[in-house]
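Each chain carries a letter (A, B and C) given by its place in the written order, and its residues are counted from 1.
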Amino acid sequence: MEFDFTPVIDYFPTLLKGVGVTLLIGLAVALLSILGGQLVAVISLYTRKAVNWPLRFFIWLFMTTPLLLQLYFLYFGLGELILIPAIVVGILGLGFHYMAYNADIFMATIRSVSHGQYEASRSLGFGHLRTLRYVILPQAFYRALPQLSNNMIIMVKDISVLSAIGIGELVYVSQYAISITFRPFEFYITIAVIYYLINLMMEAGQSWIERRAAYRR
Amino acid sequence: MIDITPLLVKAAWVTVDISARALFFGFFIAAALVVMRTARLPPPRWLARAYISVVRGTPYFVQLLLVFYGGPALGLRLDPFTCGVVVGAFNIGAYMSEAMRGAIESVESGQNEASRSLGFGRLATLRYIILPQAAGLMIRSIGVLAIILVKNSSLVSIISVVELTYQAQRLIGSTYKPLEVFTLSALMYIVIIYAVMGMVEFLYRRATRYTFR
Amino acid sequence: MTQTTDTPMVELRGVKKRFGDLEVLKGIDLRVDRGRIISIIGPSGSGKSTLLRSINNLEVIDEGQILLDGVQVNRPDLKGLAFERHINHIRQNMGMVFQHFNLFPHMSTLDNVTLAPRKLKGMETKDARALGMELLERVGLADKAEAYPSSLSGGQKQRVAIARALAMRPKVMLFDEATSALDPELVEEVNQVMKGLAEEHMTMLIVTHEMAFARDVSDWAMFMDGGVVVEADTPERLFSNPEQERTRHFLRKHLGSQSSTSA
């Protein structure tokens, strides 16, 4: 067997474009899933059953079924009803999936902020919502950070799955290159290395964030 | 109109089969990695750490594609099902070894000291003192991983193993009833996952009976 | 210490131990003859616990020699498995009692006591049970044989831990602040068990904060501070008429606060 990495070098600009798409999707999904997760957690914790029960059901549903099945449903199912570009389906699908996981974390950390904090804030004259906004949620957020960043590291790896619904991220553009060059091993190894580097950087970022956030917990 | 239920049930069984096999082999891979990480000589330790870091640092999906499509370049030709089991086992093994190590380290150091001071060696201490106490946490962590394994097994549909997600996607395409197909296949995943959780809880209670006495 | 009998049970020669830059044992010499009871007192951080743990090789010393009944415990010449075998064998002859008991929570009281004789000496289950019951009887806990550690009080746990250590018929017992983690009202029951052992002439090294107990039970007392033995004498002299200012200072602080609770 012989390995030939020249096709990989030839297609490197294409791969870089794929990396760019991967990172942009990652950023969008991170924002969507963290902000959305916080909102979902607050609604699930502080509203009447009629409102929060369906929400909790969807959190549970997203957490107990595979991402790919959810993507297929959104892409082939909803795609039949309304015309949405694959990339939007991908961001929403991945976003909802991780929104559920993040909401689960936020619910736990919001609960973990002591009731004394709530009472102290109310006694100062803050209303319920402002107490949440200024006192409870910031503390809950810092406590959630380690698990949130873990989730985001896992999420970035899951972006590769979006190739299954034809989104031009790293794996998808490589599959295109493979179909022309017939060099699957070389390309997949390269993808693995790129992902590993991204992962290393994210882990470094994670410990940096945690060091900075540690004193606020 | 075709009846989708039997097709999905059959596919769900493939999902269970592939996950169970991967979990079984993954357990031994994990145990081997844990042993390597406690070796006296550094090389096995480095090897295990590098392996765990690489497996955890790259997507399972890419690992699957690499072995299935890239494997033949190394003379490794696996049929889709076997490939799913092998990659699943090697992937989950890395995570499981970390879970096992975490559980072992969760047993307080005084237990090790007490056992060693009685004259027990490292292996005997592990067997009689540490493992029985780590078992509960270990079972729970492995349970979480087993659930991830079941959900990850959906990705082998990409290398055309006819498991639950593959069948669901095909049926969505041929029946144009996405909601029915999704509901049914989701339900089957949920049943599988709850069965795993039930089993984990049963084993957990058995392993930690002493805490309830 | 004037001794006439043959080999000392425990002997330390120039024992040094450091943690990083900090030297916690600065060359300790000690000779404990058969049947003797030595208590070691001193402020926390003085090195007294490290000294005791070194004898059991739970801390590995950097310099010097430790001998148990004439056999060298620390063996820098032995590596890997050879040292494992050596130290496991040595440890079977020493009983160690820890501040935090370290009972095995997944085993009944009786199993805690019989595990070592069964697995290390290959004793029959029946014989081990008999031995275990005899030892539990001796520490006054025969009725708790089937109980699990989580249901015992601190004092009961420590008594079981002593029985567990005795089950290997050790030549020497090492007590590392055995009563420091106990509520005051539970200290006495453990002290009673230790006094019982003293009357049977068990060789014992006792690291303790209980000055009154140390004075009562031991026939030699050592005051350690800063990694050295500041003063060693008979308990009568050490506790009532110490020669060193550091010893006097330490005893003033500790006897004053203790005289009311344990006398």
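Observations, loosely collected:
As a convention for this text, contacts are C-beta pairs under 8 Å (C-beta built on N, C-alpha and C of every residue); 3 or more make two chains touch, one makes a residue touch a chain.
Since the model is a prediction, treat every value here as computed from it, not as a measurement.
Between subunit A and subunit C, the least number of touching-chain steps is 2.
When every chain is represented by the mean of its C-alpha atoms, the one lying closest to the mean of all protein C-alpha atoms is B. With centres computed as the average of Cα coordinates, no chain lies farther from subunit A than C.
Looking at which of A-B and B-C shares more C-beta pairs in contact, the answer is the pair A-B.
Note: centroid distance subunit A to subunit C, computed from Cα atoms, is 55 Å.
Our note on geometry: subunit A versus subunit B, Cα centroid distance of 22 Å, whole angstroms.
One inter-chain figure worth recording: subunit B and subunit C are separated by 46 Å, centre to centre, where each centre is the mean of the chain's CA atoms. In subunit A, no residue touches two or more other chains.
For subunit C in complex with subunit B, the residues that touch the partner chain are 56, 58, 80, 84-85, 88-92, 94-96, 98, 100, 102-107, 115-116, 119-120, 148, 150-151, 161, 164-165, 168. Of all the residues in subunit B, the ones that touch subunit A in their complex are 54, 56-63, 65-66, 69-75, 150-155, 157-158, 164-165, 168-169, 172-173, 176, 178-179, 182, 185-186, 189-190, 193. On the side of subunit B, the complex with subunit C involves touching residues 40, 110-111, 113-122, 124, 128-129, 132-133, 210-211, 213.
Contact residues of subunit A toward subunit B in the complex are 1, 3, 61, 64-69, 72-73, 76-78, 80, 157-158, 160-161, 163-164, 171, 178, 184-189, 191-192, 195-196, 199-200, 203.
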